[in-house]
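Both of the next two complexes hold chain A, though its partner changes from chain B to chain C.
Moving on, here comes the complex of A and B:
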């Protein structure tokens, strides 16, 4: 008897084919389920006057996220950033933050908003309970005020109060050495300008009691012409000037004050000068302006910090900003916290983040800490120095003392009724 | 002819009163159906983003439609209408944070404050015409914006009202619940639109149209133009403030940007987009702008260019708002059909 092969496909091969088909179709799903990406949402300002800072935040985040992803991701899950422009409008920031969580499925938020926008995103975090790290808002009340406190929100940003304490200590030393008693101030007329200047003067007088402020100027935010402010200061003839103007306002002010040779007639303390965005834009950067550090790759003077600054420059063809290091640090914190929690669950990560200390190129001693009691960043490199017109721009930065900062900050919190 | 005589003449020449009741019944019916449809949405789709979208539509829709009462119906081009949006948001937010009164009380009190401010500002502004009116309203807006920025102890300055807006439940409504907030916003939107529709269709509404077309003639037949303009200015402010309160509840705060000129600019843009000759034009404009904004910002960060091109298309291409275009097109077709 000869076996005749039936036409068509045998049962065995049909089963084999079905099996193969099932594997082919299921494989990506299985793989995806195992290495499901984790989405992190980020509202920030990518258009308008501060777009450069928002872009530099995005750049820094992407630089760090690529490293984390290359090393296997967050608990084995690749990070996918969803970054959207809020145009600097708080209602848009709130909408986008909600959309990122509710619709795009983001499990965490990096809040790249400044000032009012960060408070709007904070309310979204309060409402939705999603893990949120603020990365750009320097307003002290965001974390110092206990009314603002929620367990799922953190702030990975420098603070106005820290800058004022360190700046005043540094300025008082110079004031005593050079006998600078008559001071003038010139700061933008809004909450940040008024608060920071007030705190600086308060601590300056504490460290050098015979200092006296003889002239105050409050130019409007984004004011194009500073002639009246410059002449007012020159007429008052102070020995030193303090300013917390920033960004384009600071560079226009310096360019205009240069015409009147203001910088040869007094010592100038401009807290926001030592940021590459300002340093590289001013036409004739005067020598010897005293400034706080914003981001400068020579401070802290460690190979890690220099390498990070160079890597950023190599990738984006410009230097990082103050917002850049803060955003990068936030990603570093997330990475470490997820490793320790061994989970990407927001609640568990938040628990680990509270009080967490990590190695970081921007730390005063190579580490930074997310302080447990108010969920805010401490231990970052903070200091003051004087400018020169070319790189490295601020060659010698004097580091602030965190012990003093903590003591005075505690007093300040008490005086504000926060503790 | 004396004013008295002119008034008598107007009375004798007045056309017989048209019974407005059937139309009002129709409006009530439309409002009820619209509210029912909106209330059903969350049960059909269940998308939180959609609810957020409708809440924002309610806030901006009330604001833009109230602006159209000034721009489209009365011919008062206000560049400062956003101040009342901001005032509503801040008034309500502060009242809830500082006094802890029930929400309906804060709502009414905010309207009362807005009313007083609008009477004072309006009394000065509505005397002026055209560009002067536009610029003085803008100036008042900047004054209010600057006050919000400077009065830090009360308003929190540029950081806005912080710490969230408390929402104690009232009459079984808990506004911290997303669905409750949605339904309440829809109710406010529908009631607000219904009331504005009644204002627009009332004899007073037709008086406003007459003032828009020829204020001199209106005053000659005995209409107190200043009083009529002031009345609509205050009424429009109240609806704008209601929009502001919805926005304050949505973001759980109030920020100086709510009282900035850009909000007024957006209102004008919405009116251009939707059209000012039909009552629902601004509402259509609101939905269009928000859809455009939300989709374009998702796709590209160069949203400014896209929105700019859209404005150009409407301003130069259509030369009118979308609803104006649609209504004219229908009228033309009907004309052709009957002709």
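Moving on, here comes the complex of A and C:
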């Protein structure tokens, strides 16, 4: 009896298939590189107390992606966004990022995570070698620390150290003019709050050496009631107060401090006030709170910026957030880099992105740059002003000077042992 | 930053201005906490269930008040809506869901409550959106604070303390003196006998749950002008309410009042003397009470 081969899959083709399969599973984005659409994965926070971070990031990304797709896509390939909710948990963000690349076949990542999650996604990018742009994490060390540096990751976000330098410079000017020597601080008790406040005080004292901090308060993140903090500050009788509370915590604080008439008794510097999420929510916004610009459509005061803010509002029926402009900018960067590289290959795009300057409505001079040495965004509009209770909320924003920022940032990096 | 600043605490205790400010600040925190905790303790005393979803009623109270305030512009109506809305919600929740798990395993009750914590949060997200909201201070209270002996006291907080105190007195007298109060106390001790005497215990249970929900809703409505509204806002309040009931004794109304005021005062004076340990102070106090009096300061069987 002779053995007959059954029709079907031979051993050789099985092996070939298995080999192909192995390659696909090991590096799926290579195997699918020829797909017509290009998938971009995005882990972000879509539920929980800071869901607004994710929704306003997603909205901005979709607004820009629609424009890119309408103009023919990335090197002729339509963009398909795959956006997943990490619930703000770092381990979940890392898992999702990995899955987006390995299972869903995403060829690039936009990391819409807050600082805690972004470091986890960064490790995934390091491991998989996939092109990754961080779009929400403001923690300076993410790009300033050379240990974090990888060729395929970029940060398209404002940065804590930049904000501290500009904020302290602005505050020192007012402190000198008005003789504000006794300061109090009140910031949330976690890494961001402590670091940002520490850096602000450091530079404030550098610019205005006779400033003295006489009272510090560190309420818990998401604390519902700040009454004891408010009264403690009133007891200390400072001339000025600095706070980096944000979002709902900041609006609670303002409502509670307002009925103690705190804002009439001292100058208040709240770096996160000038964000529409807070500005539009507070019903009795005190006049004259000093704030950094988060996103405001009147700064930079250009038709491009105003048009972008209005287009966003028309589409989503609310104003964009700080996260929105950063995510929109990331898509603009990708679009320009792919055009220049004439390829959607992650490595080639990363090479072009390094040091790339693009036209952008959020640039201090109409352009922003992805700085070559540390892959981070510079040249964006950054400034401080005082609030009024109705639109445009912060009528006159004083722009920070990027030359000073660069000088002091370099010193700061040195002091941290980063350079 | 100094972890212990006894000088600041001592100088505050010596100054009447600081004393007035910090004491009222403690009273406000305490009274709002009392309204939430007393509902929790009442429900436990009578129904013998720990209502882990109690924070949700605080949240709904705040959202109801904000919505009605935006629609009508009347602050009184807003407070009323916060209280009445959560009472109805409490009644429905008790009759449809909680009544099914009485006498069951504690884990089962906990699971039902926890499920509703998540469901209620999502309902709020669907109706009002995920972003934080602010109700805004009614115009009548947008006035400069009062200065009593040099201390700062916002008029709105006087109203808040007054309303909460009134609720405490009405509740205490009602339970001690009125016929319904007697029936409730009897049902807490021996529901079988109360039922045998021809009284509808289901109605009593539903009523007590509605009352508990209403008090939490009232707290939420009163807090709405000064605290930001978010899905999940009930959670941190719930944790502190548990500390209050543990300190005061599960099931005791007086215990809830004393416990809540103590927590409020610990927070307001603790933030001066122990700025880095204010939260810890609360828990430390709870541990001391638990060790020395495991039933809590006023813990007996029932209210």
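Methods note: the second predicted complex is superposed on the first by the 384 of 419 C-alpha atoms of A that agree within 3 Å, B and C clash if a C-alpha of one lies under 4 Å from a C-alpha of the other, contacts with A are read in each partner's own complex, and residues count from 1 in each chain.
Here, a contact is a pair of C-beta atoms (placed from the backbone, for glycine too) under 8 Å apart; a residue touches a chain by one contact, two chains touch by 3 or more.
This is a predicted model, so every value here is computed, not measured.
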item	value
Clash-or-fit label for the pair chain B, chain C on chain A	fit
Chain B versus chain C as contact partner of A:249, first or second or both or neither	second
Touched partner set for A:84, first chain B, second chain C, both or neither	first
Contacts of A:364 with chain B and chain C, given as first, second, both or neither	neither
First, second, both or neither for A:141, with chain B first and chain C second	first
First, second, both or neither for A:192, with chain B first and chain C second	first
Touching partner for A:119 - first (chain B), second (chain C), both, neither	first
Chain B versus chain C as contact partner of A:47, first or second or both or neither	both
Which superposed partner A:94 touches (first chain B, second chain C, both, neither)	first
Closest Cα approach, chain C to chain B, once both complexes are overlaid on chain A (Å)	5
Residues of chain A at both interfaces, chain B in one complex, chain C in the other	47
Residues of chain C defined as touching chain A within the complex	1, 8, 12, 18, 21-22, 25-26, 28-29, 32, 125, 130-137, 141-142, 144-145, 152, 154-157, 223, 225-233, 236-237, 267-268, 270-272, 275-276, 278-279
Chain B residues touching chain A - in the complex, by the definition given at the top	47-49, 52, 56, 149-150, 152, 156-160, 162-164, 176, 247, 250-253, 255-258, 262, 294, 297-298, 301, 303-304
Residues of chain A that touch chain C when the two form their complex	47-49, 51-52, 55, 216-218, 220, 222-225, 227-232, 234-235, 247-249, 251-252, 255-256, 258-261, 277, 281-284
Residue ranges of chain A in contact with chain B within the complex	46-47, 84-85, 89-92, 94-96, 98-99, 102-103, 115-116, 119-120, 123, 126-127, 139, 141, 145, 147-148, 189-192, 194
